[in-house]
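There are structures below to look over.
Next come two complexes built around chain A: one with chain B, the other with chain C.
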Partner chain A sequence: MFIYYVKLACLSLWQTRSLSFLAILIIGVGISATMTTYTINYMMTKDPLPEKSDRVFLVRLNNWSPEAAYRNRAEEQPPTYISVQDTLNLIAQNKAKRHVPIAGFKEMLRLPDQNAIDAEVSMVRATSRDFFSTFDTPFLYGSSWPKSSDVSGEQVVVISKAMNEVLFSGENSVGRSLILGENQFTVVGVLNEWFLLPRFYGDSMRAFQAPRDIFVPFQTQVNLELWTSNLQSFECWKEPENATVSALWASECVWVFFWVELNSVDEKAEYLDFLDSYVKEQQALGRFQRPIVNQLQTGSEYLQERRAYSSDSEIAVWLAVCFLALCLLNAMSIIMTKFQGKTAEVALRRAVGASSLDLVQQYALETSIIGVIGGVLGLIMTHLCLYISSQLYTHLSKDIMSMNVELMLATVILSTVSSVLFGLFPIFRAIGVEPAKQLKSL
Partner chain B sequence: MRDLLPILKSLKSNYAAALLFVLQVAITFTILVNAIFLAIEKQAVVARESGLDEHNVFYIATNLPVPDAEKKAQLEQDLININEILGVKSAAVSSGIPLTGWGRLVEVAVNPDTKYDTFSGYYGGDVKLLSSFGVEIVAGRAFKIDEESTARVDGFKYASEAIVTKALAVSLFDSQWQSIVGKTIYINNKPQRVVGVVETLQAAWPSWVVVEHGVISPVKETDDIVNFVVRTDPNEQQRVQEQTLAYLMSVYGRKIDKVETFNDVKRRAYSAENAASKTLFGVIFGLLLVTTLGIYGQSRYGIIKRFKLIGIRRAMGASKGEIMRYFMLENMILTCMGILLGIISAIVLSIAFSNAFELGTVPSRYMLFGSVGMLLLGQIAVVYPAFRAAQLSPAVATRVI
Partner chain C sequence: MLRMNKLAKTYFTDTVKTQALRPFDLEVKQGEFIAVVGPSGSGKTTFLNITGLLEDASGGEYWLDGVDVCTLSDKQKSRLRNEKIGFIFQSFNLIPELNIFDNVEMPLRYRRLSHAERKKRVEYALAQVGLHSRQTHYPSQLSGGQQQRVAIARALAGSPAFLLADEPTGNLDSKMADGVMSLLKEINAAGTTIIMVTHDLEQATQASRIVEVKDGVISEVDRHAQAIA
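On to the complex of A and B.
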């Protein structure tokens, strides 16, 4: 019976092919608009670390001038970054499961056999080996550097897959060398394709851009005194002793984002207690002459405070949903037109004994076929729209403009369900004819 | 107008199609008005004046490859040499460049005891900085050569004179903003005398609330990276840029961190706004297309269904014009009903958006223009079907079922 209905539906679709095609096209357009905006919004606001986003925290210490609160806020809030000495101290105290400092510098990058003139300015991320385990980065070759590199500041480097393509044409480059400025680094690992959206761990203004391509131990940056003054924001409430980099390291200037991963959410209070006792220790040494306001913030809390989420994408989703409703109404009137031509058929079938439920089933099948085809068309168009968006939205990472399997399934289901719902009204109107009256007029 | 009653009666008998039509118009109107409003808001942000001579300015971020003690001399030498390049109108060194996303901010206060009155962007450079940016002085005067000084970093800590933007002056002194010239203000708690006011000079962050606030000090900075701002004669930018780079690279140890024209800076700064407004215009276009097709299809169908009626009316002596008028009036009535509904839902949506996303509400003139636009759209979509209907010969029409 079902197959027979499908056959009938296909026949009917073919008979009214131009109207059916128009309905499918209009549903496809509406679906693709909705799903394109929804995909972008979904990718921008999704949880980047579903398993542990509630136990990875940004450490904020109230390190600011005794005279005034940080940024003179009415409700005192600590800076989002901490100083180099506090970073090193907190790592040394080793109270959290993992410690991830986020620092960096710009340097001229080249291979040992390249001339200095071919070197290119590259942004380098200085962090710890915990970075790779906390953010679950996949490795193509090698692995992260060993603990000892973090402690002694060895000249080792992990590079991204893209950088490996550029420098070593995609070969296994573990053990090879590259030169950053005047220092030679040894490659210990190559990442596989990896992105984190939103990339919450650093500067909030770059949260939707791709990660950097070169990673070195934080201690190495500290030891080699590599500093770029116009790369990341830094704030000093007290001038460093002098203009040297070592004075900057020893100063109260704050600029290192410091993240910790805890074993569970329950440890948060414990770690806060530890931070309080740490600050008290430092107060005894004459630092931190302000009220103790330490904070542990999750990635999304941090991004929200920094207003990194743009409302544009959400507004676009709402407008697109309205647009979809419009398209569905349009398709509804087309379907109504389609069924209006069927009054004779309906009357005949009713007269020979079909129940109205039979007819509803049959016509619902027809509209759902329209919905499915519209959904598939919408899916194709969504991919096209996402491609166009990735060309248009140059300030966003291309990884935002991609759909996962769930979203693709959702597209087709949304299209089918909404078509059936909006098709019900025309169906009920179509089967509402009185058989006797209709047949007489034939 | 005597068609009015028959139209209303016929709507009642075919309420489903009419309802669909009205709903479509209402939804179109709702999206249209809100999308156009948002797109124009974005465009307005992009169109804001940065204050610079945008087409003729570029900057080079580079280092001073000499020991600290010689940096000042190197910087001055560089400035002299760059200014001598043919086609350079004015070249200067600056601590930052507007809209690049990287710069410094200062706290500004009128009284020494208050914490601060407002924030402001900060630029420090030599006396030629104002003319190199191409900003216009609207009160007071430019810096004098003997006011210029040199610091390693954070020049506002050493400056004793300042020039502010008009927006900052207005925020401190309202309509008396011109009186700021000669007054002492407190930049990060350091007293400085304001010698002049410039019309506009935006800060480094385009989405900052006080992006229009700016403080300029006559203090050159010799930090790791310095920014050379070069303003050229029209159409000379490309050549001057190449020559400047060639000169800079002739100094051993020079690293070029960044070279960018200000047009590119601005494009990058507003890429989000530009992309969003392009998307919105795309939405508007798609919307109009779908709705026009929808109205056209429905009118055509509605008319085909009424061939017999049209034939009878024509046979009874109605002119072609009367037939056309009937369908156009019908369309207008339905569109008006849709617009009425649409105005209500557009206001609701606009209020919902403004509550949820810190946006302004759509001003009423958008509703007016939107209504006129929708009416025109409806009429355009119905003209052809109505014209076809009017062409029906009475004889043929009566033969159709």
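On to the complex of A and C.
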């Protein structure tokens, strides 16, 4: 019977093609509006590390002035970043599975055979080799630098695929050199396409922007005293002893985001105990003169606190859902008009032995075909809308404006299910006719 | 085979109660050809609709092939209709976008027969009405008489025990009407019971029994007395 119903549905769709097209168009527009806003919202708020997001934490230490709480908050909260000396200390203590400092600087980048005039300003991410394993970055060539580079601060670099295209025409550049400012670095790895959305590990303002293209060891930045004051936020409750970079490194200025990956979520309390004891040690040395309110925060908690997730996009989704409901009500009225013209046929089919269930199945299949076509149309329109959005909001990562397979499937399923649901009323109205009254009008 | 005891039909609106059919008894045996006559609005079609299970009676008993239809569910009635009853309507009631084969096949679809069985039955039914060669035509490509023959083939395809015809020649000219009547008589002669509503007394006299419906009262016409009169 299924094939018979498909045949009847196709005939009916063709017979009432104008109304069918209108219903499909309306469903497509509604689905497109909903899925465009939902996709952006979903991609902005999805868990970037679903397998380990509950055991990767931002370390927050209450390193601030004895006179006043950080930012004078009534409820004391530690800064989101820590000082260089604490970063180095915590790495040295090696209590977590992985340690990922997030620092950086800005430098002029060129190849050794290029003139200084050809150098371009580039933003460099200073971190540790654990960065690549914690955030599961894929490598196209080579690998992350060895542990020894983190310890000694070697001049090694990992670059993105895009940067490798620009500098080395996409060739395997492992072992090649590049110049950052005055310093020569050796390429040890080239990342493959890699997107972490939302990119929670750094400044929350840039959570939806692409990652940087150059990565060097944090210790190298420290050793080479590479500092760019206007690149990132830094806060000092006490001025450094002098204006040198080494004084800044030794100061209480906080600016390094420090992430740790633990073996399991159960180790969280243990690591917090360790942080408390570390702070107590430092208090004995005259530092950390405020109450101990250390925190371990997941990426999601951090972004929520920093209000990186705009509530506007969530409101937009709800508005789009309301718009979809309106579209579906419109489609329902069109389908009702379509089916009103079929009352005589319904009566005839009842007369020759079709049960109500037979007719519900027949017409539900027709509305589901409308839903599927509407869903596919909605999918195409969603892609178009996302493309236009990505062209309008070029500062945001294009990945926010792209659908994964699950979302595409969800689009078609949503369209089909909602069309069938909203089509039920017209169907029951159509099959509710009294055959005896209709059989003279076919 | 078909037995109606004190069957009645009353329509209710907010303020008006209309007795469409007053309680009546009727028994139809297998192979009979019953003509139902009466003026317009007398209740003929209501009688036919109740007989064909398209409408429920308001009271009384209705037994069809030993089954008390008043106790059946909607689904059971659909099944009984599909297996026991064939309909022929004045306006043919063919689906214009389906070809002749598909129109005739329709009741068999709801009987869940195999494709081969459906094909065999449709071809046989169309051969019975002399339209075997028109299977791929559409209703609009046929004359009125041919369309009614298709409708008869559709009614016959399921091999029903009853054929209910509601003024089957009402939309046909006299020549086509004669052809359809001849066909119905042949079908009846082959053993199918026919109940036919008609305005045409000449056609009614070709039936084995005549039932008159007048002001909702159903009564048998004494053909012998009528002939004498």
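In the analysis below, the second predicted complex is superposed on the first by the 439 of 442 C-alpha atoms of A that agree within 3 Å, B and C clash if a C-alpha of one lies under 4 Å from a C-alpha of the other, contacts with A are read in each partner's own complex, and residues count from 1 in each chain.
Operating definition for what follows: a contact is a pair of C-beta atoms (placed from the backbone, for glycine too) under 8 Å apart; a residue touches a chain by one contact, two chains touch by 3 or more.
Just so it is clear, the model here is predicted, and its values are computed rather than measured.
Participant: Quick one: classify A:L329 as touching chain B (first), chain C (second), both or neither.
Facilitator: So A:L329 only meets chain B here.
Participant: Of chain B and chain C, which one contacts the greater number of residues in chain A?
Facilitator: Ranking chain B and chain C by residues of chain A touched puts B first.
Participant: Which holds for A:L348: it touches chain B only (first), chain C only (second), both, or neither?
Facilitator: Second partner only.
Participant: Pick one for A:S311: touches chain B only (first), chain C only (second), both, or neither.
Facilitator: A:S311: touches chain B, not chain C.
Participant: Using the superposition on chain A described above, determine whether A:T337 touches chain B (first), chain C (second), both, or neither.
Facilitator: first
Participant: Just checking: does A:S356 make contact with chain B only, chain C only, both, or neither of them? Give me first, second, both or neither.
Facilitator: In the superposition, A:S356 contacts chain C only.
Participant: Taking the superposition as given, does A:V121 touch the first partner, chain B, the second, chain C, both, or neither?
Facilitator: first
Participant: After lining up the shared chain so the two structures overlap, which partner does A:L11 touch, if you call chain B first and chain C second: first, second, both or neither?
Facilitator: Only chain C is touched by A:L11; chain B is not.
Participant: Overlap the chain B and chain C contact sets on chain A and report the shared residues.
Facilitator: Touching chain B in the first complex and chain C in the second, no residue of chain A appears in both lists.
Participant: Quick one: in the complex, what on chain B touches chain A?
Facilitator: Result: residues 16-17, 20-21, 23-24, 27-28, 30-31, 34-35, 38, 61, 68, 101-102, 107, 115-116, 152-153, 223-225, 255, 257, 268, 271-272, 275-276, 278-280, 283, 286-287, 290-291, 293-294, 297-298, 301, 305, 349, 353, 356-359 of chain B touch chain A.
Participant: Contact residues on chain C for chain A in the complex?
Facilitator: Contacts found on chain C: 45-46, 49, 52, 54-55, 74-75, 78-79, 81-83, 87, 89-95, 97-98, 106-107, 109-112, 154, 158, 166.
Participant: Quick one: in the complex, what on chain A touches chain B?
Facilitator: 22, 26, 29-30, 33, 68, 72, 106, 108, 121, 205, 227-230, 233, 243, 310-312, 314-316, 318-320, 322-323, 325-327, 329-330, 332-334, 336-337, 340, 389, 392-395, 425, 429
Participant: Applying the document's contact rule, which stretches of chain A touch chain C when the two form their complex?
Facilitator: 1, 4, 11-12, 15, 344-345, 348-358, 434-436, 439-442
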